[in-house]
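Same chain, two partners: subunit A is paired with subunit B first, then with subunit C.
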Partner chain A sequence: MADFKWPAIDKRSLIGKRISRLDGPWKASGSAKYTYDINRPNMLYGRMVTSPHAHAKITNIDTSVAEKMPGVHAVDIIHPVGQEVLWAGKEIVAVAAETDDQARDAMRKVKIDYEVLPYLVAYDTPQKAEGYTRQLNEATQGDPDAGFKSANAVVDGFYGLPVITHCCLEAHGSVAEWDGDKLTVWASTQSVSGLAGGQGGYAESLTAKGIPTTAPNVRVITPVMGGGFGSKFAADTWGISAAVLAKKAGRPVKMMLDRDQELSVAGSRPSLYAKVKIGAKSDGTITAWQSESWGTSGPAPGGAANLPYIFQTGLPFKRRHTTVQTNIGPARAWRAPGHPQFCLVTMSAFEDMAAKLNMDPVQFLLKNMQYAGERNKGFGTKDYEQELAKASELMDWKMKWHPRGDRTPGPIKRGLGVSVHTWGGRANDSTCNCTIHSDGSVEVSMGTQDLGVGARTVVGIVAGETLGLPLEAVKVNIGDSIYPPAGGSGGSTTSGGISSATRRATNAALNKLLDQVAPSLGVPADQLEAVGGKIQVIGNPGKSLTWKQACAKLGPATISEMGQTDRSLTSVNVGGVQMAEVSVDTETGVVRMEKMVAVQDCGLILDLKTAESQVYGGMIMGITYALFEEKVMDQQTGQHLNADMEFYKLAGIGDIGELVVHMMQGPGYDDRGVIGLGEPPTISPGAAISNAVANAIGVRVPTLPLTADKVLAALGKGGMA
Partner chain B sequence: MAKQPGKEHPEEELRKEDAQPDKSARSIGLGRREFVKMAGTAGMAVSAVGVLAGEGILKAEPVAPSQDVTDAATTKLVGPGPVRMTLNINGKPTTVTLEPRVTLLDTLRDHLDLTGAKKVCDRATCGACTVIINGAAMYSCTVLAIDVAERPGSPAARIETIESLAPEGQLHPVSQGFVDNDGQQCGFCTPGFVMSAKAYIDKHPHPTYDEVRASLGGNLCRCGTYMGVRHAVVEAAGKMAAGKGGRA
Partner chain C sequence: MEAFAYAHPATKQEALGMLGTDWTEAAVMAGGTDLISCMKEHIIIPKRVVSIRGVAEWKGIASADREVRIGALTTIEELRENATIRKQFPALTHAANGITSPQLRNMGTVGGDLCQRPRCWYYRNGFGLLARDSKGNSLVPNGENRYHAIFGNEGPAYFVSPSSFGPALVALGAKVNLTGPNGDREVPVADFFRIPKSDSERENVLKANEIVTGISIPSGGAGLRSATYEVRQREAIDWPLATASVALSLEGGKVRDAKIVLGHVAPTPWVVDAAAKSLVGKSITEATAAAAGDAAVQGARPLSQNAYKVQLARVSVKRALLAAAKEGA
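== the complex of A and B ==
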């Protein structure tokens, strides 16, 4: 029996190598068909009328004119009369027409009356948001008062980051097509297997809208998708409405969100602001933490702030969090939910304390590692110590770092910042089928999805590795709900789930094959191995069959074996360290990235090339929210002011500086098994960059994004100006 | 500010007025049809249904058969109804019948099934819709198809889409560079990057990393692939120059 455990380092032919993603050629040639690219025969285009009011009750809906507009085939009332809307941009009526322009024309003819109600979309502090606040969490650990008393230094600070959006380049949306009572949906989704059934899925939602539908009658297809980042798990009102319109019109309907809808209503990351008091001994040991924090997740309460970040084991703290329930588009999971916020607040306060003590912040973090608990002593390695050392080397930290405030002459100030992070990433539940045909072809099938992280590629790598075949000998079938069900792709849970399920399925199939061919090689099956495209006797490579010869022994039969997520092949909890180097023009306030270093662990790396890409991507997304991103709301009108890509800024290719990525590998990391990597590298950039700016200009810019106006305002209060 | 489709804005009303030239025509005693017929040439009452050239016919043209069609190549004043226009796409004359308000991007994607160019910002910011028009990288979301069609006295502009870069099953060196250097994740921005890079390399065969940074500033990526993109473009340029006998 071939062993299903991961092969030893010297036995790996594909795992851990630099392998180009399997779907790269489709994407780079423009031939990949995303949901937005699906053009079905006789397809109609759907558009939605949305609420201009942040809070209102719908008193009348008149679609009679719209229904008679040229090209219109169906109208769907999504949010009926009598219901309230809780944010501007809420979908109310959808129309489907022959062309996109005709749908837009018709949309403008829908008449909706509202009773406008009071709303809150912007506020300074919870005290100014009376009636909209809810206290979520008040917790005390140990004796923080005694901790502050024993401190040699106490620092008070204010830190925060605003609501930002996902801004997926492929807008949310779908194409829906009926054949009798069977529905096919091409959906831009992070959850191919999960969209049909379950709460809020197609079956339940359509049945509630008078179109009886069962989960087995819904097929979801997503071969590729243009970004989700946590915002694309649900069928969503627009997905359900596209199916309703398609049913009514008897024709397929494509309905993708407009860019302003995408930015306003299709997901956002909650804000977090915190007043922090921190005490420490003169040697840097923290003695107590106190925080009063608040933030908004939109109309829902959202979660509490888990502060301080990472450094919590045995540290006396007192914290209180208030949520402000605002009339803005609701929050959705955004890459590493909560962590970038908690990290910014905590690492900023730590850096401010280090500056007060005139201490190198790397030394400050090392001094307080006991509070990191499990994170720094589990797994037989000193993760953060090792990673801080490696990052310092790659950044040349010891040479470059200076105490707070760059004292060199001239208006351009340079500075360094550091931050550490962690993430869980428990493998999701996935099921894989491996089929070996008698002509030697191999199919590996799973209802998972590739968000652009390389899921398709790691399935192929694991299958090829297990069967001793090159990558191109394996056909990977994913992105379709006809395949065995796999978990949604969120929280860095996918790689562990799909790689272990693939390993178990392909291993089971291989063992069946070995049983079949053992007689012809004259040895028991457990003395056979699959290596280099051959089935051979272990220790006697001369005695072998080619893969094709071996499979030919199957005759007319095929081997079809299932495998499921095996958590013995995976693990949880990763760590990472990031360091940023910035230059700040103290005359203009402009912050520029010079260099950023990321040192990251993620257990067993399946594809070094795409793993590094995940880290680069996380850093760049982090640079973007550190320097540019903010969902700007206007209390006067209740509107999202920058719901477009001109004023909702993303970093461009010239904004990122030089990035260096180092993946921790080898003993102590490698043998932990596979752990996902999507979330962790996005967590630290905000903190590392904010700390670097403080180090450069000698004063803290309290909130992200670190825009020129805020830098100048901070300099007006002190620092190196 | 976000569009507020539920509200009637005064400026929208104004635009609607503008969009009805039959009013001015009526002021001289002519209905829209008569006006258009007078302004146009003979033989204008062509069938408006199914005048798509080439493969990828998706559906009957979305034009009511009763509407008259003007011809962009021969008629100066066209629209707002359907216009028959001939575009030069990937070296082939391609005839479509569309309202003059239709963008080049929507023409490619919705009417010709050339979906490599992507619709993302739809406001000339992100570059996902980049195509090459007469040798220059352009945002096709902000070009009207009528403005690049054959018009009286001027030929159709030469439009290159990513579909033309390499024969099916093969990769252009720029696309290959993106694959080899993992200059893509979700890939939705990638065709736009490839076209911008191709247009730049065509004019600047030996770009440095700094020049790549400057030249691709008009394309945005959300996944964060810029490191791979830089390497992809420099490497592709090197290979292309070597292929032409230039510096490797």
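== the complex of A and C ==
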């Protein structure tokens, strides 16, 4: 029996190598078919009428004119008379027409009357949001009062970051097509296998709308998709409505969100603001933490603020959090939910304390490792320490770092900042099928999805590794719910789930094959191995069959084996360190990225190239929210004013600076098994960059994004101006 | 967008014949980079779109006796790469460099830069150029005004002129060439832009039946120095937060004449004559440039969120002056 455990480092042919993604050429050449690219015969285009009011009750809907507009085939009332809308942009009515333009024209002829109700979309502090503050979370650990009494230094700070959006490159949406009672959906989704069943899935939602549907009758197809970041797990209003319109019209319907809808209603990240008091001994040891925080997740109540971040074990703290329920679009999970916010608040307060004590912040973090707890069993805090050392080396921290405030002459000030982060990343539940045909071809099939991160490629790598075949010899079938079910891609759970399931399925299939060919090689199956495109007696290439010869022994039979997520092949709790170097023009307040270093652990790395690419992406997303992003809401009109890509600003290539990525590998890291990587690299950038700006200009810019107005305002209060 | 008729005249006369006396009748399209998005958003709803890209006489850059003429259909990229412009009027080249999108540089035109509509987010979200609520009050003073005007903002207009070339052209004493049913006319760029005082006025003096055909810039001679400095949040395509364009006439290292024009701080390019006059007879140094920057922002009236733009205008003037003094030095 070939062992299913991950092969030793010297036995790996594909795992951990630098391998280009399988779908790269399709994407680069434009042949990859995204949901937006799907065009079905006789397809109609759907568009939705949305509420202009942030809070209102629908008193009348008149679709009679729209229904008679040229090209219109179906109308769907999404949100009926009598219901309330809780944010501007809420979908009320959908129409389907022959062309997109006809659908848009018809949409403008739907008449909806509202009773406008009071709303809140913007506020300074919870005190100014009376009636909208809904939930208080309070927690105390140890004796913070005694901690503050024993402190030699106390720092009071205010930190925060606004609501931002997901801004997926590919907008949300789908194409829906019926064949009798069978529905096929091409969807831009993070959950191919999960979209049909479950709460809010197609089966439940369509049945509730009078179209009885069962999960097995819904097929979801997503060969490639253009980013979700946590915002694409559900069928969504627009997905269900496309299916309803398609049913009513008897024709396929495509409905994709416009960019302004994508930004306004398809997901946002909750804000967090916190007044923090922190006490420390002269040697840097923190003695107590106190925070009063608030934030908004849109109309629903948000969760608690888990402060302080990471450094919580045994640290006396007192914290209170208020959520403000506002009439903005609803929040959705945003890459590492909660962590970027908690990280910014905590690492900023730590850096401010380090500055007050005139300590190097890296030394300050090291001094307080006792509070970080143990990330990996048996490691103590060695992993953070190793990562801090590696990042310092790559940033040339010791050479470049200076105490707070760059004292070199001239308006341009440079500074360094550091932050640490962690994430769980428990493998999701996935099921894989491996089929070996007698002509030697191999298929690996799983209802998982590739959000653009390399999932397809790592499935192929694991299969090729297990079967001793090159990557090209494996046909990877994913992105279709006809394949065995796999978990949704959220919370960095995919790599662990799909790699371990693939390993188990391909290992089981291989063992079946070894049983078949053992007699012809004259040894028991447990003395065979699959290496280099051959089945051979272990360590004896002379006694072998080529893969093709071996498979031919199957005759008319086919091997088909299943494998499931095996958590003995995976682990949890990754971490990393990021360091940022910025230059700040103190006359204009404009911050520029000079360099950023990310040192990241994610257990056993399957593909070094796509792993690094994930980290680059996380850093860029982080630079963007650190410097530019904010969902600007207008309290006078209830509108989202920058629902466009002119004033909802994202970083371009010239805004990013030099990025350096180092993946922690080797003993203690890759023997842990596979752990996901999507979330962690985007947690630290806000904190590292904010700290770098403070180090450069000598004063804290309290809130992100670090725009010119805020930098100049901070400089007006002190620092190096 | 609403359905519209599309016309693509080949000559000036044909083009003029397709315009109406009312703005809703026809819209002139050059690069279309702004017009099309305005039409998609129902900000502009023309019955007819008149593409003038086929009118050959409005293309290209030509040096004449005492002026340089830039056709309205000259693309931003053509202007940016033009050696004559770079040598004689670097303020324009700097402004073109500030438009960091290759797509906009290749499609957008010089005439379009002058005629594009303001980017005020209330305007672009359907609240009208003067950004009023249902009672007729402006939404800007108590609203989200971080990008709005700090000069010329007595109301009802609070938006900023989006033109990249306007401030430099004003500083260089350029004229806009217009054509209409009554023939051609020339308007100093400084008079082309205006602050609308009512809903019936626009942000420039162009009439609905007129077309911007080009720009004429007087040749400045050997002592002319010019520069534009922009403060932008991003390197990627981004609207400036504030800009300054300056034109200096130097004699023996001293300023004989100066023109300083701010951009993105007022509903028009904003001329600051007092600051310019203060430079006459002086050489451009860090100190005189900084003093001119201070003088330039005297009288600024920031709104609730945009006081920072005063500083950005100040430093833009200083840096533009220092850059201009260096040009050709």
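As a working rule, the second predicted complex is superposed on the first by the 714 of 721 C-alpha atoms of A that agree within 3 Å, B and C clash if a C-alpha of one lies under 4 Å from a C-alpha of the other, contacts with A are read in each partner's own complex, and residues count from 1 in each chain.
To be clear about the criterion, a contact is a pair of C-beta atoms (placed from the backbone, for glycine too) under 8 Å apart; a residue touches a chain by one contact, two chains touch by 3 or more.
Small disclaimer: the values here were computed from a predicted structure and weren't measured.
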Which of subunit B and subunit C A:Val590 touches, first, second, both or neither: second
Touch count on subunit A, higher of subunit B and subunit C: B
Contacts of A:Val632 with subunit B and subunit C, given as first, second, both or neither: second
Touched partner set for A:Thr610, first subunit B, second subunit C, both or neither: first
Which of subunit B and subunit C A:Gly89 touches, first, second, both or neither: first
Which superposed partner A:Val154 touches (first subunit B, second subunit C, both, neither): neither
A:Met225 touches, of subunit B and subunit C: first, second, both or neither? first
Which of subunit B and subunit C A:Ala713 touches, first, second, both or neither: second
Partner chain in contact with A:Gly654 - subunit B first, subunit C second, else both or neither: both
Subunit B versus subunit C as contact partner of A:Ile412, first or second or both or neither: neither
Shared subunit A contacts, counted only where both subunit B and subunit C touch the same residue: 101, 637, 639, 641, 644, 646, 650-654
Complex contact set, residues of subunit A against subunit B: 20-21, 23-34, 36-37, 39, 41-43, 45, 49-52, 70-71, 88-89, 92, 98-102, 107-108, 110, 112, 114, 167-171, 224-227, 229, 256, 258-260, 264, 451-454, 609-610, 612-613, 616-621, 624, 637, 639-641, 643-646, 650-654, 656, 659
Residue numbers on subunit B that touch subunit A, as the complex places them: 1-8, 12, 58-59, 62, 64, 99, 101-102, 106, 109-110, 113, 115-123, 125-126, 128, 161-163, 165-166, 168, 171-172, 175-176, 178-180, 182-191, 194, 212-214, 216-217, 219-230
Contacting residues of subunit C [partner subunit A, same complex]: 1-3, 100, 119, 121-122, 124-125, 127, 133, 139, 142-144, 146-147, 231-239, 241, 305-306, 308, 311-312, 315
Residues of subunit A that touch subunit C when the two form their complex: 101, 104-105, 587-590, 592, 627-628, 632, 634-637, 639, 641-642, 644, 646-647, 649-655, 707-709, 712-713
